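One chain, subunit A, appears in both complexes that follow, with subunit B as partner in the first and subunit C in the second.
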Partner chain A sequence: MLSSWTFYISTLVIYFGVDLLSGISLNLQYSYAGVINFGYIVFQAAGAYAAAVMTLGPSGGASSFQQYVFGANLPFPLPLLVATAVGAALSALVGLFSLRRIRRDYQAALLLIVSLIAIEIVQADVPLFNGSNGLTGVPRPLAAVLPLSPQGYQWAYAAWVLFLCALVYLLVRWLSRSPWGRALRAMRDQEDAASAVGLNVTALRLQVFVIGGAIAGLSGGLLVQFIGAWSPDAWGYAETFVIFTAIFIGGVGNYRGVVLGVLLVPIIFIQLPQFLPQIGYPGLTDSLEWVIIGLLWMLCLLLRPRGLLPERRSIALPDLSSRSA
Partner chain B sequence: MLDTLASAIAFGIILASVIAIAAMGFTLQFGLTNVFNLAFGSIMTVGAFAAYLAQVNGINAWYGLGVGGVAGAALTLLLGRGLFRLYARRGAKLFEMVMVTLGLALVINYGIQAVSRNNVYQFTVLQAAPMHLGPVTITPTQAILVGIALVVFAALEALLRLSRVGKALRAMAAEPSLARSCGIRTGRVVIITWVISGFLCGMAGVVYVINSQSVGYATGELFLPLVIAAAILGGPGSPGGALAAALLMGVVTEVVSAYGGPQYSTVAGFGILVLVLLFRPSTVLGGHGRETRLTL
Partner chain C sequence: MTGPEVATGSQAADARARVPALSARDVVVSYGGVTAVDGLSLDAFAGEALGLIGPNGAGKSSFLAALGGQARIRRGSITLAGEDVSRLAAYARARRGVVRTFQMTSEFSGMTTFENLVTAGHGAAGASLASVVAHPRRSRQRDRAVARRAWEVLERFEQADIANAYGRELSGGQRRLVEIMRCLMRSPKVLLLDEPTVGVAPRVVDKLIADLKSIRDDGIALVIVEHALDVVSELCDRVLVMALGRSIATGKYAEVVRDKEVQAAYLG
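Right after this comes the complex of A and B.
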């Protein structure tokens, strides 16, 4: 009994870490570049696919039970690096055509359409992505090498995920306090003025989008190496909205708000109902859960439009610049 | 070879009529109020389920078009005058409103999923013998759907071009504050917009299920991206543009499906929008992306 509880809690910690990376990525893209990335899951799934094929070994071709391209058997941290790079590269590609100066609501719709196109392509292209079956049997990194019990491995992996979260968090915070971060805020607050003083706003926006995509790829790689499976159904576009609800409820533009939101929404609201007794027919609890997420979302936009922990005002004086969150 | 092409084009026109009715409603609503309504698909589903319930209670499927339309109009008016205005009064801008409609879409969709027990229901329309037009074989039902799309387009154009209400609508879409100072009752025009666009939305949901013969909670949601793509491609506020864009997307989707395999058909439909945004963004955006304001 006790061991099943620690197993469950360590799994939640890992999910929390992965969702936190997603939250940081979306928050960076939204609050600094003003990009609402409804296609987020595509970049996460691309990273996950890359990490999966880099650990599954060479593909057995059309005769084996799953097909994929460019299989390899890279040692431990390398698949994650590939995942990060793939997320960044795909972001650069999508960003090139979706980050023009178009209305933000169009842009959001365009990115949502990108994620729908991606799902169609993945399901249609069996030789490339194994169709809607996805990939399974992705080995856990270093599982054979480390002298750990399954319990111990769980906690070690959780610690690894949290370590990477801390690393990414510090990196993003450092970036947002740098001159580059100030340029981003200038672009967000006064785009015309920012371009008038010589900032290339399109390039800046693309840079933020690519960094967000890299984090997305990393989070996907971490998740797929833990759960061991990847499929277009489980990585659908609705997952993006869970993270968006989290950062909206927590507080856009404030990283502590993102932590709070990720703790509240994906962890408490998605995972907790699994403990509640089933009511009605099977599946009713799931539907009601989404209704409640939608209501929460709307209530939050009505009552606390800037989130529970709003972004702090940054004052444009040199000695106070470190206060900006 | 040419026969395949002719059939593909005919099916493209049928698909286009289904897209076009919804896209005309969307473009009217969006062009006037500037609410980018992601709950539009959910309201389509509500219309479709209203028609389904009417059918279960013995009302002919074709009258269901009216039932669905009225349900869509009533719900849209309620949301527009109640919910959206509440948020706008509290300072929601264009973008916050997208988020509001997205939350609303989740509530309506999964609410329907909960009530409908996540089942897909059969929506039957009496089928007459198929008609042969040269190499093309279509059912009378499909021909009627094309006719409905054309009638809706003609009625909408007539309303916008010939009536006083239509003139007021066009004036408000162009410049709300100027229209108001010219003595147009803007509140009333907004109500009319919600009612007409909501009616088209609900009716489009019914048209969709008459064509697909089944109704489930995800009916409208899966269809919405095509509708939005057609509305953006056609230019906001232009029923003619929406019709032309729907025609282009429908025909391309079916032709790709006939020659390249069905799995890439939807991708091709969306691909048009992406290509246009890539190479001719000004066609879609109507000049520069000027900040517009909500009109509620």
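Right after this comes the complex of A and C.
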């Protein structure tokens, strides 16, 4: 009993970490730069597939039970680095054509469509990443060399995920508070005025998109190395909206708010119910999750439109220092 | 505060002898099939306030957008201190010294007044990702210098008390001032103002005019689109009257308002 509980909690910690990375990435893109990335999950998926094929070894081809491209057997932590790079590179590619000077809501729609197209391609093109069946048997990093019990490994992995989360959190928060982060907020608030004071908004948008994509790729890599499998079921476009809901509820433009939102939404409302006893017909709990997400979003917009922990005002004092209140 | 003296006619004459800060030649702007600006030319000199006036739909704002780089020009050329900037994007022109305010106030509403100013003060170089990441110390030093300058500008316009107010919390007049102060943070050579007194309380307009005069006397070329003719007569050294995308008169305000064609354009 005790061991199943620690197994369960360590699993939740890992999911929390992965979702927190997504929250940080989307918070940077949406709350700071005003880029509505409804295709976020694609970049996480790209990282997951990249990390998977970089650890599965050479593909056995069409005769094997699963087929994929670029099979390799890279040592830890290279697959994660590849996942991060692939997330960034795919973001650069998508960003180059989707982030032109078109209205923000059109950009959002375009990115949502990218998300739908990507999943169709992966499902249809089986030799790419084994189609709808997805990839399985992704080995856990260093599982063979670390002298740990399965439980110990779980906790070690959770610590590793949290460590990376902390690094990314501090890095992104530092960037957000830098003059570059201010330039992003200016672009978010008034794009024409931002370019009229000398900011190249196209470049800023692309930068923030690529940084977010790199974090997405990293989160995908961490997730696939933990669960060991990855298929189109794992990255439906709706997953993006779970993270958006977390940001809205936690607080737009506040990284502590993101932590809170990620704790509340994906973990408490999505993961915990999975472990509750079955109610109603099979699948009812799953459907209710989406109802809950929609309700949460609506309630939040009605009651606390800026979230539980809103963006904090930066207070400047004439003694030349500027600090956050 | 600098430059309390008001530019005289002879100063304006001196200005005209120099190379114009901003020059437009035969500029054409069209949207679809509609020609908003139809072959307009203009020279704006440092230390001079040039008014662009004309009835609604004359193409004044489109012309200003062409100068600032917000609207693409179909024909003609725009030069800044001799350099052709016709094909440059708005941000690139801003980096060379052409900044502007907008008809609809364009403060960064989710940022404080201070942040509005500092963002503009950094401009491109200081705010680039490369400079922030590669030279964090230099970036911090620059940030402090820009902050100092922001306080100077806030005090010059007696707005230090709204330094920490969000843009969205300000009144119409304060928003205009934030825009203008933000422009000054760029140390511009040319300042384009689109209806700077719209939405500003009457008692603040006089102060705004005085502020704009002092900016002009700092040696900045002002190009002002304005409907309030009393403001134009008070502020502008020279005016260019537009109608249907063309220039119909140019000269001192008092002279052009007596022009028959100008009166016809206004009265229809």
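Definition applied: the second predicted complex is superposed on the first by the 314 of 325 C-alpha atoms of A that agree within 3 Å, B and C clash if a C-alpha of one lies under 4 Å from a C-alpha of the other, contacts with A are read in each partner's own complex, and residues count from 1 in each chain.
Here is the rule we use: contacts are C-beta pairs under 8 Å (C-beta built on N, C-alpha and C of every residue); 3 or more make two chains touch, one makes a residue touch a chain.
Computed from a prediction, not measured in an experiment: that's the story for all the values here.
After overlaying the two complexes on the shared chain, residue contacts for A:A143 are found with neither subunit B nor subunit C. With both complexes superposed, B is the one of subunit B and subunit C in contact with more subunit A residues.
By the document's definition of touching, of the two partners only subunit B reaches A:I113; subunit C does not. In the superposition on chain A, no contact is made by A:I9 with either subunit B or subunit C. Once the two complexes are overlaid on the shared chain, A:L167 sits clear of subunit B and of subunit C alike. Contacts of A:A193 after superposition: subunit C is touched, whereas subunit B is not reached.
Residues 36, 97-98, 100-106, 108-110, 112-114, 116-117, 120-121, 123-125, 241, 244, 248, 281, 283-284, 287-291, 293-295, 297-298, 301-302, 305 of subunit A are the ones touching subunit B in the complex. Of all residues in subunit C, those touching subunit A in their complex are 68-70, 89-92, 94-95, 99-100, 102, 106-112, 114-116, 118-120, 122-124, 126-129, 132-133, 139, 142-144, 147-148, 150-151, 160, 163-164, 166-167, 179, 182-183, 185-186.
Only residues 36, 38, 86-87, 90-92, 94-96, 98-100, 102-107, 109-111, 113-114, 117-118, 225, 228-229, 232, 261, 263-264, 266-267, 270-271, 273-274, 277-278, 281, 284-285, 288-289, 292 of subunit B touch subunit A when the two sit together in their complex.
Residue ranges of subunit A in contact with subunit C, taken from their complex: 175, 178-180, 182-183, 185-186, 188-190, 192-201, 207, 253, 311, 313-316, 318, 320, 322.
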